[in-house]
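In what follows, chain A forms one complex with chain B and a second complex with chain C.
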Partner chain A sequence: MTQLNPTDDPAYRLFQQRFGAMRRARSTETALTVAVVVLVFVVSAVWTEFSPTKILEGMPRIGEYFGKLLSIEPTRGADPVPVLAFGHIFGGTKEPQSIAYWFYRFDVYARLLWQTVQMAILATAMGFAAAAVLCFPATGTLLRLRPVVFVLRRLLEILRTIPQVVLAFIFVWPFGIGPLAGILAIAIHTTGALGKLFSELNENADLRAVEGIQSVGGSWLAQMRYGVLPQVLPGFLSYGLLRFEINVRSSTIMGFVGAGGIGMELKRTIGFNIYEEVSAICILILLVVVVLDLASERIRHRFIGHFV
Partner chain B sequence: MLELVQLSRRFGDKLAVAGASLTIERGEMVGIIGRSGAGKSTLLRLINRLIEPSEGRILADGTDVTALRGKDLRAWRARSAMIFQQFNLVNRLDVLTNVLCGRLNRMSTARVLFKMFTPAERVLAIRALDRLGLADVAMNRADALSGGQQQRVAIARALMQEPAILLADEPIASLDPMNAKVVMDALLDINQRDGITVLTNLHTLDTARSYCRRIIGMSAGRIVFDGKPAELTDPVLRTIYGDAGVFDERLTSTSLSVAAMPAMAR
Partner chain C sequence: MTAHMASLTAEDIAEQRLRTPWAFGASGRTRALRWAVGLLAVFYLLYLQWLFDFDKLFTGLSRLFVIVRLMVDWSGFADWDHPALLRAMLETVAMAYIGTMLALVVSVPLGFMGARNIIPARIFRFFARRLFDGMRGLDQLIWALVFVRAVGLGPIAGILAICVADTGVLSKLFAEAIENTDRKQIEGVTSTGGSFLGALRFAVLPQVLPVMIGQTLYQIESNSREATILGLVGAGGIGLRLSERIQINAWDQVAYVIVLVLIAVALIDNLSRMLRLRLIGTPARAA
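For the complex of A and B:
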């Protein structure tokens, strides 16, 4: 192959002549963007006192905390021992270092965990229903009334941008301490989050089916019900289950502001430094979340398999 | 009787339909021909009011269709059934439900929302499907059917509307010649047995000649011909299809063979 000197090549010169200025402008743009991102990162790091040395110094203490979580003082003031020990694992509730001793309040945890899951189920169902109604008039390709689309879009945005914990905290005041406040908070956030996703699915729906229903004299409602819904429903259900997984995790922290579920118990045990109970609750939460995630993933794949 | 009076539709600065005036008697079977972009599709959509006219009026038995709003407009759409080139069925629904959709205009909102079709409506739908030879696939999903079958489902849906007029927009343009014949025969049968007026866009001249006793030619949004197939002489066809070189009627046919295309024979 002959050596090619690109700068002498007529094609290269023609290219430079035509597009050189554009390429230079783009390079400058890229450099500027990188500079801005770096600047933002540095400023944020300084303001939040984020420093690598602090992380390195604190590392060993992470292990220390886990040590505390997984150890108990058999009697008040005694030296801590591991929360479980081989000789004692299957001992009764009175025998330290046994599973029964560690989880001696299992009945309370189980009831609260069940409440947590129910909160997630109710909130997801309510949010799903509201989103499924609001998403159609919030889709620009399906409704010509621009102001309605605009207002609903902004409403859904607002619903999903208010942090759930803040909402829960607000609702605890009028509705009292308990799951109701938490359910409402999660349901409202779910409406906003699912509403946006649903209306994106609607935007991708094939409009020929809609035109078909319009041509037979079907009302707008009929066009949505028969032209759009059958196309988007599998997607709705899949996103709904995904949201349920997220909501189970969210409802575990609702208790921190008094809005029901296992979070209230977790907050109490953290407050009183009852480390072994904190670890017992965390393990149970982890178990429930993992099991529900796996189950819902299975179901979602079946939906997608069946309908697509 | 359907009357179009100086009907126009503008898209931006382009006139898709320019001052079209027509009178179509009840029970006629009319073919509309012209090059793509001549305004044939727009004209049919204007009649069914899927597209709003910029100017002019449409009169159906004396009623000004262009002035209809809301419920009355939807009732008119139900009376002027539409068949589309791409069938426009709901792919994910079964065939029977697709046909039942032809009844949506007469149903209450609650019945529409909860898919509550009456037994009588189901019987009608099955009969319509049976007439088109599709009763066996009633429970299949619409998108599991071949193109020809889907177009016949669309015709069954149109029959469910019990329309006065059937507007067919290139009903056979996506079909192979054999399915095209089945679909055209079905349209002819509906026209002759049920007395439903059929107005159809066709891109193949030979189909228009053999199925329609009246043909309308469009060019650049204007109606440039309205008469019997026999009156479609070469000069007339040049005004419809443009006079780019020598016009060969066989080039607008779908029944392609090497022999039919002399330019490519050698």
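For the complex of A and C:
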């Protein structure tokens, strides 16, 4: 068997040449991308005075702070001990290091958390209703009036781009401190976000049903109600539930600007350095968020199937 | 036709209903249940109106109208502190970028650790996933408030807040993307004698890289939107300027800052759409 030397083959050499050129082009591109990413990072770091030394200096303080969050002073000025300890866990409200001691204001938190969830429910319902109305005239394939479509699309875009907390902060002035400002802010944002998603669903709807209703003389409203809505409703509900999960998270921070919910209590305890209460509230928020996420996921899968 | 219809008996209908239940409307019980649930929901929402306080809403609306009128009056435009506002706006974007990039660096290893096909140990994955949930479950603003107490006022607290909240999001998405990769390529690499790390690099990474790039770009977009509010709690950026102006009721400047934010967000959206098209070839969010 004769030995073949592939390097003598002109086709092989051509292949090597081309392959090498492509590889070089590819690696130059990768190197350039990485360089740009790093350059922007450095410029941003200089701009925000973000330096490794500052982070290293801050690290112990961060650790210390999180340590304090999970410790308790049994009496004023006494050495702090961990919030929980074996043997004390099921002790009463008078016994430090027990769950009852840690969550001694549970009733207050529970009421505020309930208010937070209610804010999310109400805001989602309002935003859902507004979006479900606005999304049909905001869909280009369903409405021929270009200016109306254009204006509505821009409106929805603006509604979802203004940060909710900023809106809530502004609304606290006219509507006063309390959940109302927060509900309105979240509802407005929800309208913008859901309106966009809904009109995307509408775009994908089958237009033959609409044409059918049109051909027998149905009005535009009838076309939307009987031609489009049955096709898109499962998607609407699914997105609505998904939005509810997001809104629960948002309503926990509305209190920071005085717009109701658990956020007010959280801001107060962080401000006054009541460490164990901060961690207690954070744990409760996490619990509520995770439980509602799981529940809403179940509902979505059960009633709507794996739509999104 | 009529004769045919007349010959239909109740048994025929029952039989048909049994054979093709989906062709018939819902039964009376299901319909009653639906109505009950719907009515309950409506009554509950009506009960919630206690939170809503219609009196307050209507008196507030007239005041809101006054505020909006003040907002559109930009006659003092030349006297506003433009350099400071623009600097704060850039700072916000820079915070979002650094925070997301740091989160990316942390999330890649964490994502691999949270994926079932990389680390089969169940207990380990459980704790990794719960860690991601914990970071994600608390809003960025809560993290910012905590970090402001821990490292002091300024953009660093904001960057850390973005980084922590984002690590939770990105790690979870990366772990899911890695779990959805094709096994065959890993087997291919290991069958030719490649090491475990070689398999990760040449079999898993090429499959998940587009998802990682797409998600990171999307997070930079969404974080530059979110970072505008971090200043409200003192964590740097335009939010501080905004809250100052809201507190002194300088509504015209509030509107101006909001417009600045809208413009910046639109620019970043477009830039990231271009980059996404260039790097991974799909304009939409790759989820």
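Going forward, the second predicted complex is superposed on the first by the 247 of 308 C-alpha atoms of A that agree within 3 Å, B and C clash if a C-alpha of one lies under 4 Å from a C-alpha of the other, contacts with A are read in each partner's own complex, and residues count from 1 in each chain.
Note that in this section contacts are C-beta pairs under 8 Å (C-beta built on N, C-alpha and C of every residue); 3 or more make two chains touch, one makes a residue touch a chain.
Values in this document were obtained by computation on a predicted structure and should not be read as measured data.
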- Query: Which of the two partners, first being chain B and second being chain C, lies in contact with A:Leu266: first, second, both, or neither?
  - Reply: second
Examine A:Phe175 and indicate which partner it touches, taking first as chain B and second as chain C; both and neither are also allowed. second
Which holds for A:Ile213: it touches chain B only (first), chain C only (second), both, or neither? first
**Request:** Look at A:Gly140 in the shared chain and tell me whether it touches chain B only, chain C only, both, or neither; answer first, second, both or neither.
**Result:** neither
Which partner does A:Tyr226 contact after superposing on A: first (chain B), second (chain C), both, neither? first
Counting residues of chain A touched by each of chain B and chain C, the higher count belongs to C
Contacts of chain A common to chain B and chain C in the A-superposed view none
The answer for chain C against chain A in the complex is residues 45, 48, 51-53, 56-57, 60-61, 63-64, 66-67, 90-91, 93-95, 97-98, 101, 133-134, 137-139, 141-142, 145-147, 149-151, 154-156, 159-160, 225-226, 228-229, 232-233, 236, 239, 242-243, 246, 249, 254, 258, 261-262, 265-266, 279
The chain A residues in contact with chain C across the complex are 33, 37, 40-41, 43-45, 47-50, 54-55, 58, 61-62, 64-66, 69, 115, 118-119, 121-122, 125, 158, 161-163, 165-166, 169-171, 173-176, 178-180, 183, 249-250, 252-253, 256-257, 260, 266-267, 270, 273, 278, 282, 285-286, 289-290
So, in the complex, the side of chain B touching chain A is made of residues 48, 50, 74-79, 81-82, 84, 86-93, 97, 101-102, 104-105, 109, 112-113, 115, 154, 157-158, 161
Within their complex, chain A touches chain B through residues 206, 208-209, 211-219, 221-222, 225-227, 230-231, 307
